[in-house]
Amino acid sequence: MHAVLAAAQTLKAPDLDYFALAPEIVLTAVLVGILLLDVFVDETRKYLVTQVAGLGLLVSLVPVVALAANGADRSMLGGAYVVDNFALLVKALFLATGYVVLLMSSDYIGEGDYYEGEYSFLLLSSLLGMMVMGSSRDLITIFVALELLSIPAYLLAGWRKRDLRSNEACLKYYLLGVLASAVMLYGMSLIFGATGSTVLRTIGREVGGSVGEEPIVTLGIFFIVVGFAFKVSAVPFHFWAPDTYEGAPTPVTAFLSVASKAAGFVALLQLVYIGFFGREEVWGPLFWVLAALTMTVGNLVALRQTNVVRMLAYSSVAQAGYILVPFAVAGSNPAANATAQTAALVYLLIYAAMNLGAFAIVMAVARKTRSAEISSYGGLFTYAPGLTLLMSVFLFSLAGIPPLAGWFAKLYIFESALDAGTAAAVTLAVVAGLNAVIALFYYSAVAKEMWMRPVPDGDTTPIPVPPALAAALAFTAIVVVAVGVYPQAFARLGDLAQLTLR
Amino acid sequence: MYSKREAVGSVTLAGDPLFGGGVDGAVVLIVLLKTGVAFAALMVSVLFMVWFERKVVSDMQNRIGPNRAGPWGTLQTLADGIKLFFKEDLLPEQADRRIFRLAPYLSIVPAFLAFAVVPLGGVITIAGRETRLQLADPPVGILFLLAMSSVAVYGVMLAGWSSGSKYPLLGSVRASAQMVSYEAALGLSMAAVVLVTGSLLTSDIVSEQSRSIVDWNLFRLGFLPFGIFLVAATAELNRPPFDLVEAEQELVGGFHTEYSSLRFALFFLAEFMSTVTMSAVMVTLFLGGPSGPGPDRGFPGAFLPVFWFLAKLMIFLFIYVWLRATLPRLRYDQLMDLGWKRLIPLSLFWLLVLAAMILDRRYGFAVFGAGILLGLLLLRAVQVGQSATDDAAGAAPAVREAG
Amino acid sequence: MLAATKVDVAVFGASAVIVLAGAIGVVISANPVHAALSLVMTLFGVAVLFVAQEAHFLAAVQVIVYAGAIVVLFLFVIMLLGVDRRENVAREELRGQRPIAFLLGIATIAEFVLLTRGTSWVTGAESVVGPASGPGANVETLARSLFTRYLLAFEITSVLLVIAVVGAVVLARRPPPERPEEPEPLAVPERLHTPQLDDAAPVPATEVPAP
């Protein structure tokens, strides 16, 4: 017994900065709390769990804000976990997204006879994984965070257990997600083998040096990027996305298409800008191909959709393509590098708001029509003018029409491509521009249905919007409009949160 | 204190004193000899165990038991073995031939391999070379034991499946679920031993306990891990009252229904071999292995430690027979309830208390208090869950009683 | 210490043969149970390789976790679902995929051959090769890095396990019956009706744990 004690004394406790970990610790406490609460409240009062979960998310935002006010960069565990402006910004994004999704789902899940307590638990645990992802600067932490955010997401996708489509959604998402993890892990092991480290900063130094010339590093980078390409549903690794988005419960779809995708991009940003930055000639062309394919295929297939959820699914595939553009051009010169990072981050922030908003409308409309077919939106203006207006705002923002936020996001993407100035970058900008035009067609098709077509079944009773859903709508709409009017706010945030390999 | 750790570390690297001076022909011969002796000892102990079990059970049931072959029927097992050897070897038509033939060996090998890491006595001298009375002392001895107990499930599982018949299949499905379930509790109570010893070497575990009888892990760990280990080990062995695997009334003979002749004998052998091995493991982990009940005198001579070891082994062998004669078989849901809802939480909790006690007594009591609160909370949760499932079972309460 | 002796080479050769034979067996076995058993063989071969590298802990964990738990669950599922029939390998579900897979396989092999012809393989800045040394060696070194450098990842993994448990319960739990007065089909005790391969499930799935 004493021998153990002696050994314990010689073990140097790791340097933990509890302030820096506070958001995650609070969220974990909330997780445990709701899990216990779920056991003790009876079936009729399960909504309490959702309420506590929502409050918990807001409470975890407090340390994030406090850390931001404090301003100092914090690093612990040998550089594996870093809390800097970038981490804080994406954590705030994830918490806000999670809160909006919780607002959207509270009525949906409550009325749908699902397991309400576990739903909140899994949603929050996925968010916890995303929060950790925002600070992970180490391959192992990134991988564990990725699993922590993915596994609850797999379960949530299959939440409608007795619905075959939901089962299909869950299974496809799970199988392809696991495959992606395996591919990525193989790449990580190659990188670790070549550089002898799992910390991104060390990897960055090694990859930038002579080790980076080894073919094994190329292979490692390729596998890791491909693994994350699955996560962000980039073409040609997007097969799971439309089926999963259609089959999963709508709030979960919103969550997957926004938060989950954002987490994938956050990981990519960290890997590319810190870990692999020295090998631009490897990932640059890779991202170029991914971006061009993703935008084009996503938009072209979205054109043919008749179901609004499927349309939004392909649209979110296409949007991922836009976000990939800055990655493809980042390595050209230092100025392009800085703009590219800002562009990707700003696009993520704005995309979160407008996509969540669109899904909130889909949910509100489905409460009455019980359908997600585009034809069921006919004449929406005659009986739900508010929803119609908001939906138009979100759709045109997704399409990138000024003066809405999406326009500004696209502008930044183009700017980053033009800053790079190479022929490849300009070509990519042209591809993106063409795609923006294609996208306008299918977004405006829905708008046309809502504003101009007659009501298909003649039922013009107004749609009741529950307060939580209304709050989610209001929040997202305000962000979309406000950022469109005053874009400097987000741009400034994006500029502050730069990642560099020092 | 730290110097002791160093010593432990150097033992890890050097291992058995036999290998101190490099490996030559004589060393190889000694190792082979030890292997042969260990195997023979295990075989003889199986012969003895079968006879012992039949005799004790018949005593408890007021019968006479085997009394024909040899003095007090001691050669009965041998006679049975020879009979089985000459029986016809049947291979069912539906069977998967290769796996059907392989399964008995998969059952018997882990039982023997686990026995290899059990220290049977102190250091002895053979042909001028010192060696331990222990076949192997790998640096991860305890994990090796766990590994072997988890691999043991293959024999049963594949035997049932490859027979191509429904009763064996049901038996093997039950067996694998049961063994996988109870392995968690088994591992957690082993973890308690490792926690206080601070080493995974079986030889370290034994020498830590050799100072005096109060240092035996049975007392030092507060009985609970021992109790859990005993129950979990019984379930791992598929012995009564956990022998649902071969519940005759339900499954004919369980996984070995279709086996006959030598292959059946192998299963029989494997079962009793595992029983002996598991008892030996328990002696090692909780009762100080070959150390006597007196104060530490090292392990003098070759005889005394082995005597103590065998004496303790006998206790467990008797307990197993006693359990079989006394307790009725559990129902399947009771079995799972016991494993998942009682043993695992309990051993986790106790592990926490032990860890806190090692760190600091005050923490120990704090954890104890907090643990009781948490335990009540969990109990309540289990009750809520239980009532929910009972409600779900709804109109079929009769099932619970009838099952 | 690191120089390979004849014994080392022999051990490596033997386990390499076992690993490869098992891996090939997994791919070409028509029967899923045989494939799973071949997988066990590979896992054991890898465990032996770990022992040869003095990574005893890794070897033991490999056997406990993979051979002792994961493949057991594989087999369990195969047996429970009754999918243990021979697959008709001749039938092609997706036309034209086999030649493509074949070509891709060739390409991958060619790629690896090309890679091995690269100048140097091990290029790491800090060496991670060789046995761990110091008191308690393997296990202790591992524990130290788990509880210092990788503490956070370790803790997150524990959260992950809790989530997995919740997820398993959610997936396996049966919804409360709509009309409780209607007796469930399970009202007949299992052992009273003829057991068939398909209903060889005496346990609800919640009670079959992931390890």
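As written, the chain order gives the labels A, B and C, with residue 1 at the start of each chain.
By our rule, contacts are C-beta pairs under 8 Å (C-beta built on N, C-alpha and C of every residue); 3 or more make two chains touch, one makes a residue touch a chain.
Values in this document were obtained by computation on a predicted structure and should not be read as measured data.
Ranked by C-beta contact pairs, the top pair of chains is B-C. Closest chain to the protein centre (all Cα atoms averaged), using per-chain Cα means: C.
Spacing of subunit A relative to subunit B, judged by their CA centroids, is 50 angstrom.
Taking the mean of the C-alpha atoms as each chain's centre, subunit B and subunit C sit 25 Å apart. Chain centres here are Cα averages; for subunit A and subunit C they lie 31 Å apart. Annotation for subunit A: residues touching 2 or more other chains are 7. Of all residues in subunit B, those touching 2 or more other chains are 5, 8, 199, listed in ascending order.
Under the contact definition stated at the top, the residues of subunit C that touch 2 or more other chains are 135-136.
Across the interface of their complex, subunit B is touched by residues 1-8, 10, 36, 39-40 of subunit A.
Taken together, the subunit A residues at the contact with subunit C in this complex read 7, 11-14, 16, 28, 31, 35, 77-78, 80-81, 113, 115, 118, 121-122, 125, 128-129, 132, 138, 140-141, 144-145, 147-148, 151-152, 154-155, 158, 161-162, 193-197, 202, 206, 210-211, 214-216, 219.
Those residues of subunit C lying in contact with subunit A across their complex are 111, 114-115, 118-128, 135-136, 140, 144, 147-153, 156-157, 159-160, 162-164, 166-167, 169-171, 173, 175. The touching residues of subunit C, counted against subunit B in their complex, run 31, 33-34, 37, 40, 56-57, 59-61, 63-64, 67-69, 72-73, 75-76, 79-80, 84, 134-139, 174, 176-177, 180-184, 186-187, 189-191, 195-197, 200-203, 207-209, 211. Touching subunit A in their complex are the following residues of subunit B: 1-2, 4-5, 8, 195-199, 220, 358-359, 377, 380-381, 384-385.
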